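Dumping the structure here so I can ask a few things about it.
Chain naming follows the written order as A, B, C and D, and within any one chain the residues start at number 1.
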Amino acid sequence: MIKVLFFARYREQLGCSELQLGEEAGNTVSSLRQLLSDKGENWAEVMRHPTTLVAINQTVVSDDASIAAGDEVAFFPPVTGG
Amino acid sequence: MIKVLFFARYREQLGCSELQLGEEAGNTVSSLRQLLSDKGENWAEVMRHPTTLVAINQTVVSDDASIAAGDEVAFFPPVTGG
Amino acid sequence: MPEISVQNEDFSVAAEYDLLCQEFGAGAVVMFSGRVRDMNLGDKVGGLCLEHYPAMTQSVLEAIVAEARDRWPLNAVRVIHRVGQLHAGDQIVFTGVASAHRGAAFDACEFIMDNLKTRAPFWKKEQTLEGDRWLEARQKDLDAAARWDEQERSADNCCQGTKA
Amino acid sequence: MPEISVQNEDFSVAAEYDLLCQEFGAGAVVMFSGRVRDMNLGDKVGGLCLEHYPAMTQSVLEAIVAEARDRWPLNAVRVIHRVGQLHAGDQIVFTGVASAHRGAAFDACEFIMDNLKTRAPFWKKEQTLEGDRWLEARQKDLDAAARWDEQERSADNCCQGTKA
């Protein structure tokens, strides 16, 4: 099982802040992105957005990063704090 | 008449914070420096010190600057505020 | 006093200054405070809602402060960021740095803010008369943060104008 | 409230911050405060006496603030420098800048301090157990002030590491 989180604009756009996924998520960020894209056009849009950031266990990673059971994966737009 | 001021270390070293001088001061910073140097070894020392600054009417100037009647001329070491 | 606080409550710059000064030997304190602007992109802003990713916010801010301490000799560092509903004019973020050295205090304070802006997972949703809108990240902020990497890489290079 | 104060009395950073914030539209406030160090050059410092050249101090500080306002868009600027007898730990100097822009506020505040350090006619005489001594100007401060000239000259030059 992995936990997938969505923040800010994406949370609103998907109407979803958290998902639990099993083995169907695959082992990499890329395979997870593919799975989520297939959930519908609004999901595909978030996943293909060129500036979407992804973090595994609170650290930003690239698409070839591996995902293991128990990981927390988060998708979010560029940050705008400060 | 011109007014000549000395600050900080120089004021102490010369035992003098202010002098009034007449035409003997000449028309330039150089001639004034020469006149003051002749007042004794401690004066000569201040005048030839390589980092001594001179201001005419509160603006730092170089040795070839002109002095006119009524001017306020100040000699002081590099500043150390802040 | 923790170095980092992420909170909904307001903060007191006066109280933070007193804490930063408690280390008697420090010569220099530099503080930054940011407040919610009442105008943005030509629209009147009533307020904004600040969302964040709590677990990540804390670890990113800790990493940024640790990097600042690696680069400069700092006596004390304090970072506060508010979250939740805020109104125009409210304080939103505070960074304070105490050091024996003026230049180190200025650089470290600005380094922390530039990195916070581009790395800490906060998102602002602005409330205007035209409706609510998520703010977009700005290239200017990315450029500001990138300078510090370049500065490190080019430390002893040609440039006379650097503030390294 | 004047922009510049040269005074013997202490100042309140909290009160200065509130004044800088009164301009509601400002997003960013950067403040610097310097205090008398209790150690310098390896000796314990009991206090120091600050002498200045009153007529020139005012005009130099005004010129520095005017230059800062020419270079950056600033909403409010405040400079305070104390003179006379001070003790270890006392506040000695304050510079506060409010701007819509974070980078402008940081740069202007540091620019004012760097120029104050090298151009404003203040002199410190330190009291230590070894006796009293006039402080020497430091090359580091001259270098810090010179960066701003070089930065202006080389604005669009090679340097990736500049903070211009």
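Just so we're on the same page, contacts are C-beta pairs under 8 Å (C-beta built on N, C-alpha and C of every residue); 3 or more make two chains touch, one makes a residue touch a chain.
It should be emphasised that the depicted structure is a prediction, and the values quoted were computed from it without experimental measurement.
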Request  = Work out, leaving chain C out and holding the others fixed, how the remaining chains group together by touching.
outcome  = A | B, D
Message = Let me check something: if the centre of a chain is the mean of its CA atoms, which chain is farthest from chain C?
response = B
Message = Rounded to a whole Å, what is the gap between the Cα centroids of chain A and chain B?
response = 73
Message = Please tell me the distance, in whole Å, between the geometric centres of chain A and chain D computed from their C-alpha atoms.
response = 48
Computed distance of Cα centres, chain C from chain A, in Å = 27
Key: Junction residues of chain D - those touching two or more other chains   = 34, 102, 113, 117
Message = Quick check on chain B: which residues sit in contact with 2+ other chains?
response = 82
Message = How do the chains pair up in terms of touching? List each pair.
response = A-C, B-D, C-D
Query = Which positions of chain D touch chain C when the two form their complex?
reply = 12-14, 17, 21, 24-35, 37-39, 88-89, 100, 102-103, 105-106, 109-110, 113, 117, 140, 144, 147, 150-151, 153-154, 157-164
Query = In the complex formed with chain D, which residues of chain B make contact?
reply = 5, 7-9, 11, 51, 55, 58-59, 72, 74, 76-82
Query = For the complex, which residues does chain C have touching chain A?
reply = 34, 50-53, 55-56, 59-60, 81, 92-93, 113, 116-125, 134-137, 141
